[in-house]
């Protein structure tokens, strides 16, 4: 948007910063927003869509400068264990994220995991094998005596949402591994099942992770990423926008314009003047 | 009625068939038609007929349309124009079902590269024609085995084609074609892939078979010697047209044009011409009618040193020499009883010149040519040599 | 010194080469060796030599080892045993570099399916041998064009092989081989893929070329007529062994064994045998020495109606008849001046019988056989016919 | 290029989406039936395979390899070592699921592909229509039809087979077509000249002669079906593929390699065996 | 089978993991250099492609198609419609990135593959060694080497090319080998009989004659490189693949199909063009 000469005067000075993300709606939303904010600060921001594990690997090896998509402690537990010590955890950028078993609200008799008996063919429809929710679901099946004989069907995020959509339309019983924020909660009436044994852990947070050495090399960017924090509602409003067909970049820009005070919090202490 | 009659048969390959056909019928040449329409003339206005029991040979260089012509006969290729009659039935106008029946019952084909199914045994190959007619297994097996037995191949019946030599494979091809007991055999360069030695054997076998079974055979070759050896009639093709049809002798001795002449230039005439082609009308004495006096006078008149003696039915008795006859006249003998010599060499009317060499070489008299024991001509040495001379025209 | 000498050359294909070679040298047959060792004998103990300027033909049925033998000569196949000398140099013991030089300079090969590189033009094909020797472009182009010109193909130099007819392609193959100006040409069934008409033309061309350039040619064929037509010497192979080596006449008339005899059975002898093979020693009169009296007495003694007249150097003057001579004696003439007839037909010693037919047919006298104008023999009709008779043995 | 940019975006995505929804609705009963039925068959097959003790299974496969390769030891030895490795790494059950997936996908491909190939060889018209469809099937990325596959057949082996068949079918069709067209003209003429009907010619001459080419196509189909194993696992097909996928998720290169190697071993055994049977 | 179960699990996964770590460490400087260098080249190429206005690009491609197919309109028309569609759907930039990825992967495959194929044709020994490696490359699922690819070359186009080359290389090698072995014996003999040296024979006779077979292999390589586009996007290679992938994640059949179709169009144009040039 601005030419090179003016970039020289900015915080970013046209320096390149690469953020990686996985192509989930939540991460598309958050990465675009923070990316836009950094760009407005004069950074040359590059957003790279990667497979989940690759995203972690990329930050760990320093190929990417950071990401705002680490679902902890559950969903990305395995990756955090593998790569956590090779990167810097800047803490949550969003709290109140959640994972758990999700059913449509029309399954009125089921409100807790303990209520499950032989619904949905005793199958929990999961996402990619090896994903955190899936691992948690598998643990759940083991720990709840009433889930004996249940199995966790792995597939992929897309396949899971498609199955959910189909079941929902036909008002069939279905139990899926869910996490929020996620557009499925906007589109369908869904509810989390209570988890008295806590096998899914308490609340999830989405954390920001940056590569080692970023603090020294780009202190301002580091600071912005560190200060980046917003709410589930913020995120969902953008997600809905995108879901309705707005280009992610435009949606992010629109949100930034509409929420100058939040952006100011993130950039506090780094703005030029 | 001829077994096979072909009338104005033409085949044009390519898109502008109609137009090309029209040009061909106007007498345009193959190359011109190709240039003007892009269509290839395979066969151009061929007409001929083949009698029951004869071997009809089609000759010509590569690309002259031999294969196309023979495949038109059983409609492996659809004609562009013209009629084909088999026993008077018009094959070119037949429906699918009838055509299939003709192929199953009336004519079989023998292929240059044998056309044996590699995944079937020799026996299964031979059965094939019968199998597809729906014949019961036991019966068709029996007939196939008989056909193989005739070909001397029964011992190999469970082998696969690839295990047999070329000559044996071709005999299987022939046995397979004959297993159907067809009236007509179509043979497309059936022997071209064979060794010279085996090839000669196969030709002999074909001729033997022909004699025994009296099939009608249409045989393609581009080897003139082969054509002359086995063909009753020969058709010579060039650029899809039939240049000349005739017996081997006719083609050799009266080539219709320069092309034919050049084609036959190299041939060994002694294997084509027969006694009939070269013999002279004999001057003879009739036994019971002529006596030594007449004989001596005629010998002096015609400057002969000997004469043949026959009876009223032209049965050959022998010959008398001039000196013997003179002695008999001196002794007032009234007939030839005392002077008739019977050591006269004879050959049949259809003996090849090649086989006459020996006879005439050893003989001190002319050689008598007989047919069913009756004298039809004589041959003296100069006649043989004259016939072999290149530019001679032998009277037929 | 012969141009090419081959000594005890053998080639065994397969694993147990040593063992198979040993068996072969013990005189075991190809089939037995195959059974015992699994190795195929390609060539078995071949020895022969070829003189500068001759056409040496190798014949035999399929699989008899002809191709293997000729490929051993330029070591496209490595020999299992034996020596090959070219101008006295032992090719079989040569190093790579020397061998490459021999291939580049001394011998070129012509292939059955022409072996032209399809992606190169005619000219580029012809240049190939020179190009790989590193010859400068202009020079090699000039030489290639000359070679093509000799073959009458210069106009086609920018075409690709697929655009030419088979005969033209083979002429390119020949031109390519000749562009290197090699001493020796190896031709493996070079004409087998051609039409009968074109084939004859190519044979003629080869013979012409041979006369002009005096190359040494080793020529493979399995067509006996071709072999006889062009070969100075012929080697007949069977199962890797050379059965017989000799001139065409030798092989025809003195077959070494039954196999050879069967092989040559079908050949047209009139195209192989020459006047020399069949002529008789003439009874002659010497001009200046013999007079009519002597002549008449000898004619009566030997029962001849005419005699040839020559001089001391055997130069042929003509002939005299018995009646003329009797008249001359009556008139007390002392020499033949008044009665000498000169209308005597003559043929050369190497005239084919096929060409004598005409001469002898028209002649009323015997035919004189001359060499450099000198009389060497006479031919009467019965001699011609006798030679053509199948079981005759012609003295050579 | 302003001119191009000014043309409004055609609503391709929306139309496809609607079309898919419609077809899913309309064909639902059929899809459901196919799914339930196939699920039972395939699970049964896997169970059956799992009934065979690994040691016996290994010995059987080794014996087949030994005899199929003309009593040579190479392939048999490879299969013993390879399968032992799979068992040792605890991937036996996954291997059996993968085998089921590959067998069923290949079988379906052959059942559809061979007749289709014959049709293409016989009809120029069919040839013209089917060829671009085959191109489409092979080049449209599988990821695109994973979602419709789920919509049609739910999650599990069945959509896995569906996706595999789409990708793996073309070689069988193409090589069947080729094989029949390649049958030597002389042999077709020979069959015709004896008065064969079309089907006699097909079954007695053309198919037997095209066999080795068709088998080469089927070999390719099996290989492609194998290569779809990981992608099929994205829509819930169990087996080695899902091991690979989960190792990727957890960034465990070693474990991924271990499962991948099991796939390679399976592929090589199947490839060599089908090639041997082709000859 | 108790017996088999009692054998302890061999530490294959661990060893692989260690080996990968070791190799990444050791070769780091080389990998880094290759990465930086290639990155620059490829980004440059993409930028170059993007400099060409879409309309001009479409016209150029159509012209090439028209002349390559002997002045027939079919392919040219197809390419105009297809490329217009891509532009219309807003996928032009992605298309250019994908073209870069495919071109570079194919080029690398050819540069490695053709000499390797020649080596295999000439040396029985090389043949024996390379064949199983090629089998391995083609059947080991790409998902397994995505992580090592990132470890070696980071994220972006470069590891994408690495993964693509592994999968796409074999056909070029195999067909080069086949093509050279297929050169008619008579022509090889002809070359020998004139005293050609080995390299004269190779360059003047064998390679020109094997050309069409080698080109067929290269065509296959290009097709396989195209089929890797989606997987390459998992490690950050931009282009149509990443569109497909994100549609899959969000279960958007329509959008996925739109990008997939763009890939199909690209594949068909490339396939037909390389086939035309092969003849």
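In this document, chain identifiers A, B, C, D and E correspond to the written order of the chains, with residue numbering beginning at 1 in each.
In the analysis below, contacts are C-beta pairs under 8 Å (C-beta built on N, C-alpha and C of every residue); 3 or more make two chains touch, one makes a residue touch a chain.
As the structure is a computational prediction, the values presented were derived from the model and not from experiment.
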item: Partner chains that chain A and chain D have in common; value: E
item: Greatest separation from chain D - chain, by CA centre; value: C
item: Distance-maximising chain from chain E - centres being C-alpha averages; value: B
item: Mean-CA-position distance for chain D and chain C (Å); value: 64
item: Mean-CA-position distance for chain C and chain B (Å); value: 33
item: Mean-CA-position distance for chain C and chain A (Å); value: 93
item: Whole-Å gap between the CA centroids of chain D and chain E; value: 22
item: Residues of chain D whose C-beta touches two or more other chains; value: 146-147, 151, 245, 247-248, 251-252
item: Interface hub residues of chain A, defined as touching at least two other chains; value: 51, 53, 57, 156, 158-159, 162
item: Which pairs of chains touch, using the document's own definition; value: A-D, A-E, B-C, B-D, C-E, D-E
item: Interface residues, chain E side, partner chain A - complex; value: 146-147, 150-151, 154-156, 233-236, 242, 245-251
item: In the complex with chain D, residue positions of chain A that touch it; value: 51-53, 56-57, 78-79, 82-83, 125, 128-131, 153-156, 158-160, 162-163, 166
item: Touch list for chain B against partner chain C, complex; value: 61-62, 195-197, 200, 222-224, 262-263, 266, 268, 270-271, 354, 357-358, 360-361, 381-382, 384-386, 388-392
item: Complex contact set, residues of chain D against chain E; value: 1, 3-4, 7, 9-10, 12-17, 20, 53-56, 84-85, 87-90, 132, 135-136, 138-141, 143-144, 146-148, 151, 223, 226-227, 229-230, 241, 244-245, 247-248, 251-261, 263-264, 267-268, 271
item: Chain E-touching residues of chain A, taken from the complex the two chains share; value: 20, 22-25, 28, 48-51, 53-54, 57-58, 61, 63-64, 156-159, 161-162, 165
